[in-house]
Amino acid sequence: MKRPLEDVVPVTESSHKGLNSYYRVAVDDLDAALSFLKQEGARLGTITGKDARDHLEVLYHFALSAQLHTIIVDLSYDDPNVPTITNHFVAALLYERELIGLLGINVIGIPDSRPLELPPKYSDPTPPLRRV
Amino acid sequence: MAEVNDRGFAKLKVPIGPSHPALEEPARFLFDVEGEKVVDVDYEIGYNHRSIERLCQERPFSKIVYLVERICGICSHAHPLNHVERVEDIADIEVPERAKYIRTIYAELERIHSHMLWVGIAGEEIGYHTLFMYTWREREKVMDLFEMLSGNRVMHGCNKIGGVKWNISDEQTRSALGVLGYLDTTADKITKAVLKDSSIAERGKGVGCLSKEDAIRLGAVGPNARASGVPEDTRVMCKYAAYGDFDLEPQIAKDGDVVAQALVRLAELKQSIQLTKELFVNLPEGPLQVEYDEIPPGRSVGRVEAPRGELIHYTETNGTRFFERIKIRSPTLANIPSYVPKFIGCQVADIPIIAASIDPCFSCTDRVTVIKDGRRKIVSAQELKTGRI
Amino acid sequence: MIASIVVVLVYAFVAALLLQGIRRIVVAHSQFRKGPSIFQAFYDFFKLMGKESLTPNVTSPLLFNLAPILSVASMLFAALVIPLAASASAVGAGDLILVIYLLAIPPIALILGGSASGSPYGAIGAAREVALLIAYEAPFIVAMVTVALAAGSFQLSTISSTAWITVLPLAAVAAIWTLPAAAAVQPFDIAEAETEIVSGPYVEYSGPNLALLQLGQWLKTFLYASLIVVVFFGTAIYHFGTGINLIIEFAIIALLVSAFIAFWQATTGRTRVTRVLRYYWTIPTLLAVTDLILYVADVRYMHFLFGWAGL
Amino acid sequence: MASGFIKDLIRSFTVGIVGKTATVRSASEVEVPAAYRGTPIIDPEKCILCGRCGKVCPAGAIALRTSASEKSVRIFVGHCVFCSECAMICPVSAITMSKVWDTVVTDRLSRDTMSEREIKRRPRPKEKQASSSVARESREPTPQAEDSAQIPPTDNKSGPTNE
């Protein structure tokens, strides 16, 4: 990476290990971080949703040549909203639909908000991957 | 029966799937067809759903390798290899050299039998049954080789945190080299059959084209992307397992149609056979496993080149007996968006071959969580096992 | 009279199903397989006859159930008209134009059944069957007209008295070339392409209806081949008693169908419906038309080349 | 190749007429490679009932049955995935992976394990029809929990390979 992400976007905590590097970013700086990564020519790997017992976490994994950069965003249980990144990375649509379906995170501005991989008549309020 | 579009063709909605002779695994495509031309496509996945990621959080450590191995029948070595490497990355375990080589041998043999399987299925999709019969007959040699090495054709169970379980004796190496020599000539025959055959060229040329920009924009991976000219191969980039000792270069083609897909896969088949021979020849001596005590809390993301493309595993441990989170992004999930530009504008006759062109493996794709028919209940591993959802 | 009719009908039924068995075994062997037993067609047919036949409620039931009966009836009638093993046909008079029309009825029945079945697969299958029918009928009819012109009459008995392959080889090649399309075999089974449209018009049929529809198709393959053999090989093969003629003729047909069609089926993938039209209207039709023109222009090239004047 | 092809072709035609099946090698003549992992067999004399195999089994197929008279470890073949973890973990190596691949059980939840009941191999292809029906009934007695099971000796004499 030509310029480290830290001086572009306020990163609360970052750690590096081997080929991986993780950056914890606030929700509203997400967009700036993503457009920076887009300029660097990173390719979206996948988006992981996680229920970390007291709050929700969304991890965006990007592949940049051999390196793997992960941007982590913390969401509280009561407002699980995250902006869509399909404007930068079109491929994120499927991964974000997975977030909607399996973790109940609603993605703002997603073009197609049908949950992925859930049977149509799935009526249960709490999404499957949440730790009850 | 159906309303007619401006040029007088009947507008139809053709459903393909979830169970359909063209699809080897359940997925559902809904095509808006005018006459024979496809105008729009919508896809649904999730029919082969076994809540594997939820299970990964509810099963103790030692059982996860076997669970991850059963995600997909064809790439049943890529998933555990990636999982084991992630845990070793977290716990900083240094795997002995011989174990790395044996893991790479299994990975490459799996690529050989997966690509031969695809060539057969592609032949079957366009109705060329002889190619199917012939390639799958030769593929049996690789499956027998697997059975000789690891005791089982598909679920080899050779991966273990810290190394490999099954050793490879000299006598096994000799017979393996014999089989690989035979496979070399078969690969040439199949390549010649696919290239020279007019009916394959006629059904494959210019069908389901994926441009390089679309491939990059939609995030296509593996042979599907390389057929459009995207030179990305995780084995070359990440040098995991024993790939560091060999200089590979990605096999790419230009025009991204079905014939290009076949070209890339057949070239990779040849490359894998050659690489496996080298692996068998300079297999280093040494122990198979290394002991490890405690897995510290931590996280790791990593990529492995499964036969269908780049497979990403995200593993997080919290120091207890269970994993905090395991996320598996299979190559097919990344390749599904590239269906849209391929399908729009094709003919009904081309649907099966295009559906097969990305070599979909939906059992990999549907490993995330859902509970049966809408009712969500806390399902313990025990209940899951007897219930067999 | 009645006895010979019954004998011919039974012979046509048994021969048609045996032909399918032979074809499947030869194709299986070209794919390193053993293939089913030779009576597989019989097993399929009688198993299906025992099953229940359903009619989807969205269709016009009359048309849906009429199609199988139509195709089998026309084929049995054609079996009586074509002189199968003797110089004259079972019912005495045998007219070439009538036989050509009868041979076109099973595809039409398939089209009716497919479009009446109400499923999108049936509709697309029926549309493809129309294209296939038009495609391969053109060269076949031109070839047959050339032979009728040369024989001076449409009566099958007079036509089959001389072996026309020695006089009009190009027309013979054109007719034989259309055989795979008539048998709806691999490169041309676009109407019931199981990976694309899940067996097209057959998709909604079950039980006896399906059995009869398939029987119609199998009989058509057999009778199509026997018409070509009768017209182009003619009486050259009728010097012995009826029994031996039967065996010789069936042997030629079996060889023709199994070797020729099996070769096509084993070595090619399925073509697309757009190509079928272009494919059959170029080379095969050209061959038949040149033979027609040559004959009309009194150019007896076979006589000139080999001194043959028709056996 | 051509002569073999024609001979094979003729044979297929006659096979259909004569009615013999076309299978060349019957299922019981299949040789499995040395590394093959078949059904795990427990040798009760060696077993010290430590229960480690039950803990390590990924499919949870091994159950420690403590009944009134005697405790025994049983492998529920319906769930076993033949990974041989139990064979590797067993301190006294009481569990061995046999070469039996024919692990059909009549009902899904039968508590029966291959090590309990007498394993009857499919008879030789020669007298195939006659005795196979006999073998089928006697092979599947529903054993009561306490009946004294006659365990075959560990080197599973009836495995297909060491015939």
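Observations on the structure shown:
Every chain is named by a letter (A, B, C and D) in the order it is written, and numbering of its residues begins at 1.
Just so we're on the same page, a contact is a pair of C-beta atoms (placed from the backbone, for glycine too) under 8 Å apart; a residue touches a chain by one contact, two chains touch by 3 or more.
Note that this is a predicted model, so its numbers are computed, not measured.
Between B-D and B-C, more C-beta contact pairs are found at B-C. The mean-CA centres of subunit A and subunit C are about 63 angstrom from one another, to the nearest whole unit. In terms of their C-alpha centroids, the spacing between subunit B and subunit D amounts to 32 Å. Centre-to-centre, using mean CA coordinates, subunit A is 49 Å away from subunit D. Computed from the mean C-alpha positions, the centre of subunit B lies at a distance of 44 Å from the centre of subunit C. Counting only pairs that meet the touch rule, the chains in contact are A-B, B-C, B-D, C-D. Of all residues in subunit B, only 1-2, 10, 12-15, 20-22, 33, 36, 123-131, 133-134, 137, 197-200, 202-203, 347-352 touch subunit C in the complex they form. On the subunit C side of its complex with subunit D, the touching residues are 21-22, 25-26, 28-29, 34-40. On the side of subunit B, the complex with subunit A involves touching residues 45-46, 49, 51, 53-54, 89, 216-219, 237-239, 298-303, 310, 312, 314, 316, 324-325, 327, 329, 333-334, 336-337, 366, 368-371, 373-376, 378.
On the subunit D side of its complex with subunit C, the touching residues are 5, 8-9, 12-13, 15-17, 19, 22.
Within the complex formed with subunit D, the subunit B residues making contact are 62-63, 65-67, 70, 144, 147-152, 155, 157, 165-166, 381-382, 385-386.
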